[in-house]
Structures are given as C-alpha cells and as structure tokens.
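I've put the structures underneath this note.
Each of the next two complexes has chain A plus one more chain, namely chain B in the first and chain C in the second.
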Partner chain A sequence: MEKDRNSFIFRLLSTLFVILAINFFLPRMMPGDPFSTTSADEVGEEIIVMTEEQRLYYLNYYGLDRPLYEQFLVYMKNLMTGDLGRSIYYKMPVSDVIMLHLPWTVLIVVGATVISTISGVILGTLSAKNRKKGSDRIMMTGLIAFAEIPSFLLGLILLLVFSVYLRLFPLAGAVTPFADYNGPAEQAWDILYHAFLPIVTLSLSQLTGVYLLTRNTLITVTTKDYIRTARAKGLGEKTVWIRHALRNALLPVVTRTGFMIGIMMGGVVLVESVFSYPGIGMTLRSAVVGRDYPLIQGILLVIAVSILVCNLLVDKIYGKLDPRVGI
Partner chain B sequence: MEKKKLLVLFTVFLTALILMSAGCIGQSAQTGTPAGETLAENTADGSQHADVVYLSGGDYGYPQPFTIYPRGPGSSKVGMIFDSLVERDEIGIIPWLAESWEVSSDGMEYTFYLREGVTWSDGEPFTASDVKFTFDYEQENVPISGGIESGVVDNVQVVDPNTVKFVLVQPASSFLYKLTSFNIIPEHIYKDVSDPFTFLDPEAVIGTGPFLLDEYNKEHGSYRFVTNDNFWGPDTAVEAVEFIPVSDSLIAFEQGQIDFTSISPDILDRFTSDPDVRIVQQPAFWGYQFYFNMKACPELADRRVRQAFAYAIDRDELVKKIARGAGKSGKMGILSEDHIWYNPDQPEYSYDPEKAGELLEEAGWIDTDGDGIRDKNGEKLSYVLSLGSGEVRIGELIKERLSEAGIDVQVKALESKSRDTNLKNGDFELLISGFGGWGADADYLRTRYCDTTQSGSVSSGAAVFGYHNDTLNALGTQELQELDDEKRKEIVYDMQTVLANDIPAIPLYYTTSYDVWRISKYDGWMNMYDHHARTHSILSYLERDRIAAKR
Partner chain C sequence: MIKDIATSGNAGILSFIQALNINRINQIISSIARKFSKFSTIAKPFSRFSIEGKIGIFGVICIILMAVFAPMITIYPPQKITGDSLEPPGPGHILGTDELGMDIWSQICYGARMSLTIGLAVAFAAGFGGGALGILAGYMGGHIDQGLMRVIDVTMALPSFPLLIVISAFLGPSIFNVIFVLVLFSWAKPARIARSQTLSLKKNNYIIAARNYGAKPFYLLWRHIFPEVMPVLLVLVIGISSHAIIAEAGLAFLGLGDPTSKSWGMMLNHATGFRSIYFTPYWQWWLLPPLFMLIFLLLCLAFISRDMERILDPKLKIKKGF
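Showing the complex of A and B:
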C-alpha cells in the first residue's frame, strides 16, 4: 500500500515535470518574440512598432536574452516559491492575470458541466425508458444532429437570435459596465444574466455525449440479472430505475464528466471569443498571439493541473459510487 | 432510416441558418453603394456637447506610457491624461504645453517656452524640470510608445522654470513631429518609481491633460475618463468618455450602446437614410504593402522586373473587390494621396499587363517552354508570396494578375507573428503586410528606403531586402537636415518621384473605412492631419477655441 502510494506520487510529479517542460519550451519554439510585431491583424488596427533598440531593451528587461536552459532554471526556481512570473503583455504578475480571468471560466465551465450532466442524464433516462418509441427516436436524432454543430457556430446562432434580434441577453462581457448594484443579489443576477448564453452554448455542445452514454448504459444495465431480481422482489418501477439501474449506469457518466472538463477547457477558448467573455480562454488566445511566454506557461499549467485534479476527483467519486473500486 | 431523418433535420437547420444570415446582411449587400460614388453629406447640425460619449472598449492596458499594450489604441488613452509639448490638429502641429519655441540656425537646439500656470491633476505645478526629467527617465526606462529613440537628443537643459532646451545629436527635421507623442510625466511622482512597468497605482495616471482616469477595469476592458477640472486648456466638450466592452461594434452602435463606430461599405445603406447619423470616410492612412526581397532573389534587383509587377498588379481591382470600394489604390511614391506632402506629379502605373510583359521581355524574361511562366537561363520567374491569414484573398487576386504577365506565385498564409519574423529576418521572397501610420511625417521614406540610416527601426527594411539607391540616400540625408518646411517638402516630392521610378516596394491600397456617429449625441469629431482614427485625437473631445481653435 505504502509502495503504491509512493509510485503514485512519483508518477504525478513526473507528469507535472513533463507538462512544465513542454509548457516552457513549446511557446518559445514559435517564431517571433513578444516585441517583434510589425503588421496589424485587421484593417485599421493600430500597433506600436518597436525600434530594434526598444526590442533589445525589453528582451533584456524580461531576461529573454539569456540562454534557454538558464531561463528554464529560473522559471523552475520561481515556481517552487509559487511565483509564476510577470506577464509581458499585461505587465502584471501572471497569477494576478489568471485570478482575474479564471473565475469567469470556472463559472461557465462548472455551470455547463452541471447543466449538461443533469439534463443529459434525465434525457438519457427518458430515452432509455421509452426505447424504440417515437420520443426516443426524435431525441436521439435531434441530439446527434445537434452534436455536429461546432460550439462557436452554435454560440453565434444563439447570440444572433437572443441578443441581436430578441435583445433578451447582452451582446458581450461578463457584467454590466460601471454598474452600481443594490446588494449582492442584484450583482449575482447580473453575472448570471451575462453568463447564461455562454453556459448554454457549452452545455449544448456536451449534452449529447452525456445523453448517449446514459441511454446506452441504461439499456445495457436493464438487461442485467440484478434488475430482473429487483423486479422479482416486487420493487416499484421507480425504485428499480433510480436505485438499481441508474446508480450503476452513472459510473461511466461520472468518468466522462471528469474528462469533459478537460475538453471544455479547450472549447471554452472559442465560446469565450464569440461572447467576448473575459475568461481564461480569451486570455490564452491573446497571450499566444502576443507571445507572452510567462502567461502562456501559467495558463497552460492551470489547465493541466485542473485536469489532473479532475481525474483524481473522478477516482474518488468513483470509489464512493462503486465500493469495489478503491485507491 | 436514421440517416434519412438526420439528413432532413440537417437540411432544416441549414435552411434556417441561411434565412437568418440573409436577414442580417442580405438586403444591404444587394444595394451597397458602388465604389467611387460619393455619399450625400448629412448637412444637419449636431450636438457640440455631451455629458458622456460611449465608445467601443477593450483592454489596452493601464493608461500610462509604460504599461499600455503594444497592440491597439493604448497610446491615445495615454494622450487623454498626459500632454505633450506640441499637439496635432487638422492642419499641422500646434503649440500645447509649449506656448512657443525657437530653433537655432544650425537646427541643433530647440528652446521651448512653456505655458505658465499649468498644474498636474494633483495640484503640483508643472515646470521645465518635468520635461527634462521625462527625457532622462525614459532613457533608463524605455516607454512603450512616445519615447524618443537614442541618437536624436543629446541632452535636455532647464533654462528657467518655464524654459527648456533640447540639444540634438544632429539636425533632425522630424524632431518636432516626434515631440507630438512625447508625453510629459510628473517628476514628483515618477522620480521614486524604480520600475514603471509595474507601476499601476492611481498616482501613475496623474497628468496635465484634459481627462482623469475615473475607472479602469482590466478584466472587462472598460475605461471611464472624466473631465480634469484643473486642466489648463480649453474646456472639455465631452464631460466623460466611457469605453465599454462590445462584441460587435456595429450591433452595439445600432442598439445605441456606443455613439461612434467604423463600418464596412457593405452596410452603409443601413445608415444613409438616417438623418441622425453622419457618415464620413477616413483619410487613407492605413494600408497594405507588397515587399520584394532583392537579396534572396537577385533578379528582383532589376528595376524593370519590379516595374513589371507594378503594371501587372491591378490595384484598383483590389480596392473594388477586397476593400469593397472603401480604399484608395497605392501610389508608387509610397505616400498616400491624403498625405500632406503627397506629390501629385509622379510616375503612374495603371494596370497594364502588356506593358508588364514588354518590360519583362526587355529584362530577358521570356517564356521559352510554353508553360505560361517566363524564364531566363533555365530559371523560372516563380515566387512564394507570404502573407497573414487575413490577406489570402488579396494574395489570390494578385496571383491571378501576375500569372497573366507570366509570373508564377504561390500564396503562403502564415500566422501573423511568423510573417513578421520572416519580414524582419529577410526570410521571404515576396510578402504582404498591413499597417497604419501612412500619414506620419514623411521622414519614414528615409528610414524605410534609405540604407544609410543605422536607425534600429524594424521597418527600416532597405538593408534587409537588399535595396540601394544613391540618389534616394542623398535626398534622405538632405531631407533630414532641412529645417525649412517648404524646401523640405520639395525634397520629399523628389523622393517620391525617385521611389515611383524605382519601386522598392508596392503600396497595394490604403483603406478608407467609413466612420459613423450619431450627431444628436455628439458631433465634435475631428481628424488629425496625419491619422485615420477620429476618436484618437484629444481635440475631438475639447471645445475648439483658444489654443485649440479650428484653423
């Protein structure tokens, strides 16, 4: 047991080290540096073209003129003390930039995870119960067709319909600019109001997966002997479905939810762009465009760590749901 | 069975999508104003005052000279808080913090007489020593924008509290222009700041300018500027300016969330009949340039080959098809026709594939094997054209036109930063890049195309691309030292003629987007003589009287 734990920690640490090394070297292998922009990306955009003198000054200021291995050692050393470095583009500590933007992403990712899991399970159960009937078929085809729409396109459609035409939701942002709130309730409402469409978009893109998984697992599970036993014991249909079938069918759903968060962290970049939502995805995008190495490293690290944590959590929950699995 | 249903569903979805998007852009696209047709001007009078003006926001950094971002309009926000010694209006350079100035006859010394009674927004008096301090401080800590590069000014001297003298290293005719973006920072604040790049305190945005930063929200990209009651100059015509985040500025403008935006010509019709909206085209100060690499491709050093390119590329077609009419085709003298020193009398190159063919034949490029591509000594006239992913359509049109002249081009789309790196390192054959600043002081003809300058500007590419012209170099040296504006203009005219004959690079076209604003909200927008964006001028927000009076 002790040995197992040690090897587990060793594996975790080596995974982390590999991630850190990739995060460090990959961005630096892209052409260019943070100060070499000479072209604008869109018509009318303004850029400040730096002189060579300015460029060298800044490379030196940020220590980017030192050998790569030296920079890596400095990075690792600072990381040990919890220092993620300073963003070149935003001029603030990377941890501050992340703390500003991460909560927004967490809000919509967690919101979308909860909504898509719950509604996916409900729809999947309904579908499995009415298997081969009309409602099952309609749900099935409808949701599969839905899953084929890329999330940014879905976001654009929702934005066009609900914000542009119906004007029910805001066009951009996470809060009303310069708003004066009468109490936290109003503030919470404003935040939810702005987060609604991004959450719906992300949820819809994940819904089909949960739905299909629930439906198919339930269909498999309901043919098992213990379900027949439960029925034979004279338990009500409701108890059979919820206590016996669903509980067993939920295992793969929980695993999926863990992975889903990882997938969504990737997809969130596009969705945030569509809604100009100030989350970590938008920040990552601009960090890559601007070659803001410390910030790219920081955000990728946060994403990697959150995926690792999610996987750990899944293992834990798994243990709770199915006592046979233990770590 | 399932598949069929899927198909039906998909068709329904697609139809819905098409219908929706048609409703959005369809009607206007059909009736869009054709290129060249001038708009009937809205002659109604608009409001000259506003309590608040709302503009499209976005995070461009904390508005002090060291913490703005290099991309986007950060420097114009710095300009709302920090003044420079001289400012720009519609026509030229006007006095600002400096009431007047004198230039020594050898052009080496500039003495500025500063305005009296100017205070910083915290009440401290502004003096000549702030000016000297700003220069000295920025030698140590290079600001993102507005700094004076080394090799221009030798030192700055405080003559008395209201007089300051700049001693130059060598005469530089564009020095006064450089000072228009040299924002003066307060000595009493910054002298204790060892690292201004991390200085995000409220004191960091104490300036002498017309506005105070009331609120800045980095994560949401919003700014709120309010009138500085201690401002020495004309009253603000706009009490407060708010930059608010919008996902699409056109929709935000239509819904009345912002009061000013720029639009594409395709949607002009939505506004032409609205009596409350004024539509004015921007001056042509943002453009695309086509580069030759004469070092990597020695045959391009033959002027006739480059001229053939200028004849073969149909620049009017680019304006019509890509810019949808909102642009002006490139002038081979580099400066756009809206530039104050544009030379209208320069060699013209209209689209003429035959002429291009003749020139190439003269240079010895003939299609000997009948494959449609010209060759010489076994080498084909074939190139890779590098460009950003947003410029692929420009590249495709050019490829088509050049193939008519027997020049083969493969378009290679790159991520923006990779393209810039290739440009800087001379790692390309042909390349397209878009940027602003075409209205700036004509000295850029020297820094970009003369290989005499050791100036470190990234865009001073002549040496990188292997371009060399003795006549141009001589004119450039003269232009830099000529202090008389009229004489200098003559030299700049000559430089344009030389450039237009020689074609070291081809400006493809300059864009002229349409600015639209609601005149009932605020109508005081003006353009600086050298810049395309109206919202970037500080005078756009001020009463046009006294020092800022309309000329």
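Showing the complex of A and C:
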C-alpha cells in the first residue's frame, strides 16, 4: 500500500515535471528568437529592426544567452514565486490575466461537475432499480449514443437549437454587456442565464460516465450478502437502496468525479470557444491565434496543475471515505 | 491461376486438387490458407455484429467511398470560387456555397479525405506502434519494461487536449504535425494493454514449449503473441481513430488545423468565425453539413467499436489487466 502511494505521488510529480519541461523547451526549440522579428503583424505597425548590438543586449537582458540549465533554474525560481511572465497581447502579468478569466471557467466546470454527478447518480439508481425493464434499455442506449458526441459538437447543436433557432438563451458572453443590476440577485440570475448552456453541454458530455458507473456498481452491490441481510431485517426498500446499496456504490463515483474534472478542463477550451464564454479556454484560443506565448504557457500550466491537484484531492478524499484503503 | 482457385475458397475445387495430390500445389494452397486464417479473426465476427454495428460499418463504408470518389461525385473543385458568395442550396450548388463562393458539397466530400486520413494514420501508427512497444516490453521484462511503464503512466496522466493545442500552436499548423502530435498522445493505451496481454500469454505452456524447441524470440512474438494480441489492438485502433478525428476537428475548429486543407473542422472554424453568422440563415447550409457529417462518422465508429468489444468481451475482460 505504501509503495502504491509513493508511485502515485511520483507519477504526479513526474507528470508535472514533463509539463514544465515542455513549457520551457518548446518555445526555445523554435527557430529564431523574440528579437529578430522582421515583419509587422498589422498594417501600419512600425517595424523595428534591431542592430546586432541591440539584439545581443536584449538577449542578455532577458537571460537568453545563458546556458539552458541556468535558464531553466531561473524559470523554476520565477514559477515558485508566482511569476509567469508578461502577456504580450494584454500588456500585463500573465497571472493577472489568468486570474481575470479563471473564475468563469471554475464556475462552469464546478457547475457541470455537480449537475452531472447528481443527475448521473439519480438516473443510474433509477436504471438499476428497473433493470431488465424497457425504461432501463431505452435510457442506456440513449445515453451511450449521447456520450459518443464530443462536447464541442454537442455545444454547437445546443447553441443552434436554443440560442439561434428558439432564441431562448444568449449567443455569447458571460454577462449582459453594460447591464445595470438592481441588486445582487439579478446579477446572479444574469450570470446563471449566460452560464446555463455551457454548463449543460459539459454536464451532458460527462453524464453517461457517471450514469453507467452508478448503474453497474449498484447492480454488483445489490447481489452482496449485506443487502440480503438488510432486507431480512425487515428494512424498507427505500432504506435498503439509499442507506445500504447507494452508499457503497458511490465510492467509485468519487474517483470518477476527479477524472471528470480533468477531462472537462481539456474539453472546456472548445466548449468556451463555441459559446464565446470568457474563461481561460477562450483566452487560450485567442492567445494561440495571437501567438501570445507566455500566456499560452501560463494557461497550460494552470490547467495541468488544477488537474493534478484534483487527482491528489480525490486520492485523499477516497482514503477518508473508504477506511479499507487507509493512509 | 492457383491463387484464384484458392481465394475463391471453393471446397470442391480444393478437394479435387488435393485429390490430385500434387505436393507443390498443396503446399502453396496451405500457405495461402494459413495467411487467410490470420484474417479470419477479423472476418468471422462480421456475422455476429448487431444491427447497429452493421449500420455503423455501412456508414463508414459510405464515407470512405465518398472520400475515394470525391472527384467523381462533385462538379466543382473544393478550393475554387465557383459561384456567388453564400448561395443557398439550389440546382447549381447542391448544398450552397460559403462566403468565398466555394461549393459546400465538394468541401464535404474532400473534407472526408482529411478526417479519414488523419484518423487512420494516427490509429495505425499509435495502435500498432504502441502495441509493438508494449509486446516487446512485456516479453523482455526487466528494466526496459519498468522504464516503459513509467513513461506510459506519465503520458496517460498528461492533459492531452490542452497540450495538443500548445504543441501544435508552437510547431505550426500542418497535417504532418497534427498526426505526429496525436500519435504522441495516443500510443500509451495500446502499449499498456498489449504489454499486460503479453505478460499473461508468456506464461502459457504452448509458448514455453515452443521456446524449449528452440523458437527464436522474433518467431515467438510474430507467430504466437502478435496474432493473440491483434484482435484487442484492432478494437483500440477504432477507438483511437475516432479520438484522432475528434481532436483534429477540435484543433481545426480552434484555427490550428492546416490552413491549406479543407477538413470538416476547418469548415466549422470558418463558419463560426464568420461575423454574425447566427443572425443570418447562412448557418443552415454552411454550419450544419460538416457538423452532421462529423457526428455521423463518430457515431458509426462508436457503434462498430462497441460491437467489436462485445464480440471480443471474454478476452478483453480477462486480459485487460484492470
């Protein structure tokens, strides 16, 4: 058990290291350097051609002429102190840009996690209870087919149906622009109204996983001896299902939730682009289009770290929930 | 001539030739039959596919035909301006035109080539490359195996899509780069499964017996282990190809696809990038066709892989190793 935990921590750390290394080496492997730009990006922009002397000065100023390992150490030191560099497009520190957009992403990812977990567990329980009946078959086939559609295509369909065709929901953004709110309740309503479709999209894409997991674990759990004992004691069906079966079946769901956040952090980039939702995914897209390398690296780091932290948290919570795992 | 007879598989002719007892012909036929029996592991389950699986196979074949015969079933080339801007579907252009006046139907047909090429290339490179690595590691064991397992663990824990975006942003958009990066992120799963299968196969008596008779490692891997692992790899290959198609469409949708190509993802990117597309009826013929085609292809692939998994289930469950 101790060895398992060590290898788990080792895996997290080595994953983090690989991401940091990719983040560090990828831009430095590209040909050229930031100071040998010879063409303007936009018409009318002044082209600054540096003399060789100036170029060397800047290379020295940014530490790009030092050996790679030294640069890597400086990079790590900066990361530890929370310095992610400056965004070229926004002209402010990368960490500030991320902080500005991260709350929106957290809102829809957390919202989708909660909704898909709760509805997945409820549907899975219903399905397991009505096993071998028609409703179970229909629910299974329908949800499995749903799961095969990637989240951004699902998002496009929802957008076309509900925002474009029915005009029920907004097309883009996280708040109504230039809105005057009469109190926090109205503001919260506006935010929820805008976040609704992205959250539904993300939840639908994750729902099937939770549903299948709950259904299958419940079906295994209900064949166990302690369920028969509970029934033999004369407990009601409701108590047996909720207190005895579901409580035990929920354990794998907890692990699944952690993985889910990881998958969603990947998919959120596309979903946010579909809904023009101003989270870090959308920022990543605009950073990629604008070749804002420090921002791209910063966002990748934030996404990666949040996924790893989720995995770690799930591991800790699981240990608390299931004493058999033990720490 | 002999080949023709053998491939026709006519039992009567076969028995007639065998009755002639010409040694050479017999040898040739049996060698061809042996080659065929390798493929029968793929061909046999077809009759066991469910209705959904058959629909899936039919759909994928339709899309493949569409891609192969694209020049014949389209009137206009996909990258040329052949009509007015944003023409609605009509007799001239079956599905209308986009904002530059290019025919959407031919873009769809030629786009199928892109999606299928990337799906197949990534799936075969990652599936069989990763599978080969896994088999080798599982067979050799020791430090090589341990090292590979560590690499696999890390690769599987990496957040693949954000990294895909960043790497393709830095490497620059081209088909080759997209394929390369996708292979880099999808070889780990087939490698792990091939490894665990090899580990359990290695202990079988017939393999130990073959080795004791002096079989070389390459012979063992090729003749005994690879045919056993292949069906499982084949299921994985379908899964990987649908992942690759999704990833390519996603990257292209973000504007990271090959700008010179017309893939379905690029069409989505152009359409959603068009200012105020949602306030005009244009999305009905510009955005819907690629969206529909992508979902159709992915559902077909999913049906096939689900069916294959079901058919191979007893094997998968025991040897998957989790």
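Convention: the second predicted complex is superposed on the first by the 260 of 327 C-alpha atoms of A that agree within 3 Å, B and C clash if a C-alpha of one lies under 4 Å from a C-alpha of the other, contacts with A are read in each partner's own complex, and residues count from 1 in each chain.
Definition applied: a residue touches a chain if its C-beta (ideal position, glycine included) is under 8 Å from a C-beta of that chain, and two chains touch if they have at least 3 such contacts.
What you see is a predicted model, and the numbers here were worked out from it, not measured in a lab.
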{"item": "Chain B versus chain C as contact partner of A:254, first or second or both or neither", "value": "neither"}
{"item": "Which superposed partner A:22 touches (first chain B, second chain C, both, neither)", "value": "second"}
{"item": "Chain B versus chain C as contact partner of A:79, first or second or both or neither", "value": "neither"}
{"item": "Chain B versus chain C as contact partner of A:296, first or second or both or neither", "value": "second"}
{"item": "Which superposed partner A:274 touches (first chain B, second chain C, both, neither)", "value": "both"}
{"item": "Touched partner set for A:227, first chain B, second chain C, both or neither", "value": "neither"}
{"item": "Partner chain in contact with A:266 - chain B first, chain C second, else both or neither", "value": "second"}
{"item": "Dominant contact partner of chain A by residue count, chain C or chain B", "value": "B"}
{"item": "Partner chain(s) touched by A:314 [first = chain B, second = chain C, both, neither]", "value": "neither"}
{"item": "Partner chain(s) touched by A:142 [first = chain B, second = chain C, both, neither]", "value": "first"}
{"item": "Chain A positions touched by chain B in one structure and by chain C in the second", "value": "30, 144-145, 148-149, 157, 159-160, 163-164, 171, 274, 289, 291"}
{"item": "Residues on chain A engaged by chain C in the complex (per definition of touch)", "value": "11-12, 14-15, 18-19, 22-23, 26-27, 29-30, 144-145, 148-150, 152-153, 156-157, 159-160, 163-164, 171, 262, 265-267, 269-270, 273-274, 284-285, 288-289, 291, 293, 296-297, 299-300, 303-304, 307-308, 311"}
{"item": "Complex contact set, residues of chain A against chain B", "value": "30-32, 35-55, 57-58, 61, 86, 89-92, 100-101, 104, 137, 140-142, 144-145, 148-149, 157, 159-161, 163-164, 167, 171-175, 177-178, 274-276, 278, 289-291"}
{"item": "Chain B residues within the chain A interface of the complex", "value": "2, 5-6, 9-10, 13, 17, 20, 24, 57, 61-62, 66-67, 69-75, 142, 144-145, 147, 149-150, 197-198, 200, 215, 217-222, 224, 242, 244-248, 251-252, 255, 257, 262, 282, 286, 323, 388, 390, 415-424, 433-437, 455-459, 511, 513, 532-533, 536"}
{"item": "Touching residues on chain C, where the partner in the complex is chain A", "value": "150, 153-154, 157-163, 165-167, 169-170, 242, 246, 249-250, 253-256, 268, 272, 278, 283, 287-288, 291, 294-295, 298-299, 302, 306"}
